[in-house]
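You will see chain A twice below: alongside chain B first, and alongside chain C after that.
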Partner chain A sequence: MSKGVLCFASNNLEVDYVKQAVYFAKRVKKHLNLPVTLVTSDVNYVDRLNVRTVFDKIISVDKEKQNQKRFYDGSLHNKLLSFDNASRINAYDLSPYEETIVLDIDYILFNNVFLNCFNQPHNFLIYKDAIDVCHWRKNPEFEYINDNGVPFYWATCFFFRKTNEVQVFFNLMKHLKENWTHYSSVFDLGTPTFRNDHIFSMAIHIMNGYKDSNWAKPMPGRKYFALDRDVIEVLDDDHVILLVEKEKYIGEYTLASLKDTNVHLMNKLSLGGHV
Partner chain B sequence: MDERLEKALDFGNYTVTFNNQKRLLTEKFYDDCIAYQGGGRFTLTREFLSYLSGLKNQKRAVIIDDNDLPVEINDLEEFCDNARSQYAEAANQYFKSYKEMIANRKPGALVGYV
Partner chain C sequence: MKSKKQGYLMFAVGDTCIEQACLCAMSIKATQSMNNVSIVTDDTIPSKYKKLFDKVINIPWNDSSLSSHYITEHRWKLYHVTPYKETVVLDTDMLFLTDISDYWESLANYEVFYSTNAKTYRGKNVTSDYYRKTFVANELPMVYCAFHYFKKCDFAKQFYGVVEDITKNQDLFYSKFAPKLTPSTYSMDIASAIAIRVLDVEDKVTSQLSRIEFTHMKARCQDFVDPSPSWQDKVPVYLTDNLELKIGNYKQDTILHYTEDSFVNTSMVSKYERALSL
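Let's look at the complex of A and B:
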């Protein structure tokens, strides 16, 4: 069966996602030795950077209607910028591989634990639980998507095999997306803003029969994350050093580091300075 | 700033960073204790290794994995050996990293930032 990694990158005014995707693809090559397909609405920019060879395939998509969100760079600086995140639910149709790992480009690889996706029988894997690099923060928004106990799943990182059952799941997400205003209200999200984590969580909840169940199994290893309030100080081959916001001291930081551990670094503005 | 207060605040910073870094090392140890075999996922703990020791006269066994699914292990001896050595390697790495950490008395040095 063909295997590979799928990633998405479409630039906005401040964040060079394509450049970050190049860095990401190089790390995938190093740690997983898998081909990477890039889905982008900025193919011309990819050509201008002359980086086509980094990718196995480049799939051009139209620019979606973009959402706006506040991008933080540490706790005191932020900008309201657009972002394009709607293609993720089309990963099943877009992927040229029978077995695909889909990763956010800000998911920085330091090891090969994801290769275990291919040696197990489950057709859809995704993280439900995650570890904040900073232990004093409470993140209830990463536990449930609403107050009714629908569990939160991380759409930043998942694995699927092309099977009928998984296709049903992705088709369900297309239906949810087409009727987003309705379903965001039914699921009591509190906001109509589209978010991949939410649509994946809702679809998994439905696939589970509206119960807390385990249709979706966990990805190999465990997921670590740093918020966009945290600043990347050092990022090299085997470790990352972060400035993490201190408890109750906005704008003050302490240090944390991770070695040989995959980590989702949400501060895209800071990540841009290191790739 | 009063020198006494400054020193106390410095130590407070050190403690915060130390405790967080210690937690990350512990989590890393747990990560390193996850084994994948026969399509199953197994978290290696002292209890699990002890359970495996009790199966030492068997050639094969069905073991329940982290997803509560049965996994057939056809070469139990190899699985047990690999599990024990993976756990030992993870513990050694944890020990080494922890020793390095407690040898450093400044927040920057704790995380290898010098």
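Let's look at the complex of A and C:
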């Protein structure tokens, strides 16, 4: 069966996602030795950078209607910027591979643990639990999609095989997206803003029969993450050093370091300075 | 009449409890393959619901000098009046949603059994000790009387004899076994826990590994970050005509201990009545 990694990158005014995707693809090659397909609405920019050879395939998609969100760069600085995230639910149709790992381009690889996806029997893997590199932060929004809602799953990192059942799951997400206003109300999101983590969480809950169950199995290894309130100080081949926000001291930070450990670095503005 | 082997038994005082008991009995009849149910009460059961019950039993030994307004003080008597050889005692504010008749096979391994496993409506184990401070402070076994079992036998008779003693000498037993955060009112949960401690039979009457469990809807058990005094303020309830219940976006199964009187409404009762052609 063909194997590969699928990633998504469409630029906004301030974040060069395509450049970050190039960095991401090089790390995939180094640690997983898998082909990477890029889904982007900025093919012309890819050509301008002359980086087509980094990718196995480049799939051009139309620019989606963009959401807006506040991008932090440390705990004091933030900007309201657009982001394009709607293609993720089309990963099943877009992927040229029979077995696909889908990763956010800010998921920085330091090891090959994800190769274990291909040596296990389950057809859909995704993280539900994750570890914040900041020990004091409480993140209830990463436990449930809201205070009375369904479990939160991380759409930043998942694996699927092309099977009928997995196709049903992705078709279900298309249905949820087409009727997003309705379902965001049914699931009591409190906002009509579309978010991949939420639509994946809702669809998994439905696949579970509206119960606490395990249709989706966990990705191998553990997911570590740093919020955009944290700043990347050093990012090299085998480790990352972060400035992690302090409790009760806004604008002050504590050093934290991870070595040979995959990590989701959400501060895209900071990441842009290291790739 | 020859006594039936197994059955559910409820104790009810007052109109609200009677309404809840009738709804619970309807849910048992609608969902359970083993659906014998009786009630202990001095109140009147509405005529259309009488056929739900094998027996309507008056509260025995109703000594007014002894009893207070705390109705739970009568519950030790259930052992002596049950019409069944094996009995599951239920709180009235319970709703049976899917067939749990296979629980009886597990329960048959015990002479007395108390559930210690409660779930949230999201299917997670209840971990909050918000309502159980007395248990924690006094290291009492975390038993729930809302669903407990006994069979007619010498051990169960001895056990409920101790519960009777505790009920009649509440202050003495509370001072000895629950001196910290002592509740001001009688609690059958605490009386049962003390009886278990007195007889040193926790391993005999409970099991952490048991699959016998129910959904406990007290608001502070639900792991809400921003809890409300009433869980119904946090999540909506949907009951289909097929008697499938959703709380929020969670389909419910086994047994729901809804805990709030306002949960019961005429629409819900009508759906059960229609399902049973009452």
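Points worth noting:
Just so we're on the same page, the second predicted complex is superposed on the first by the 274 of 275 C-alpha atoms of A that agree within 3 Å, B and C clash if a C-alpha of one lies under 4 Å from a C-alpha of the other, contacts with A are read in each partner's own complex, and residues count from 1 in each chain.
Criterion: contacts are C-beta pairs under 8 Å (C-beta built on N, C-alpha and C of every residue); 3 or more make two chains touch, one makes a residue touch a chain.
Small disclaimer: the values here were computed from a predicted structure and weren't measured.
After superposition onto chain A, partners chain B and chain C are found to sit side by side with no clash.
Comparing chain C and chain B on the residues of chain A they touch gives the larger count to B.
Using the contact criterion defined above for the overlaid structures, shared-chain residue A:Gly221 touches chain B, although it does not reach chain C. Applying the stated contact rule after C-alpha superposition, one finds that A:Lys248 touches neither chain B nor chain C. In the superposed model, A:Asn148 makes contact with chain C only, not with chain B. Contacts of A:Pro140 after superposition on the shared chain: chain C is touched, whereas chain B is not. Angle at the C-alpha centre of chain A formed with the centres of chain B and chain C, after superposition on chain A: 70°, rounded to the nearest 10. Of the two partner chains, neither chain B nor chain C is touched by A:Lys65. By the document's definition of touching, of the two partners only chain B reaches A:Glu233; chain C does not. Taking the two complexes aligned on chain A, the least Cα distance separating chain B from chain C is 15 Å.
Residue overlap on chain A between its contacts with chain B in one complex and with chain C in the other: absent. Residues of chain C that touch chain A in their complex: 122-124, 222, 224-226, 234-235, 246, 248-251, 253. Considering their complex, residues 140, 144, 147-151, 186-188, 205, 209-213 of chain A touch chain C. Residues 113, 116, 119-122, 131, 133-136, 214, 217-218, 220-222, 224, 233-234, 239, 241, 244, 246-247, 254-261 of chain A are the ones that touch chain B when the two sit in their complex. On chain B, the positions that touch chain A within their shared complex are 13, 16-17, 19-21, 23-24, 27-28, 30-31, 34, 36, 39-41, 66-67, 97, 107-108, 110-113.
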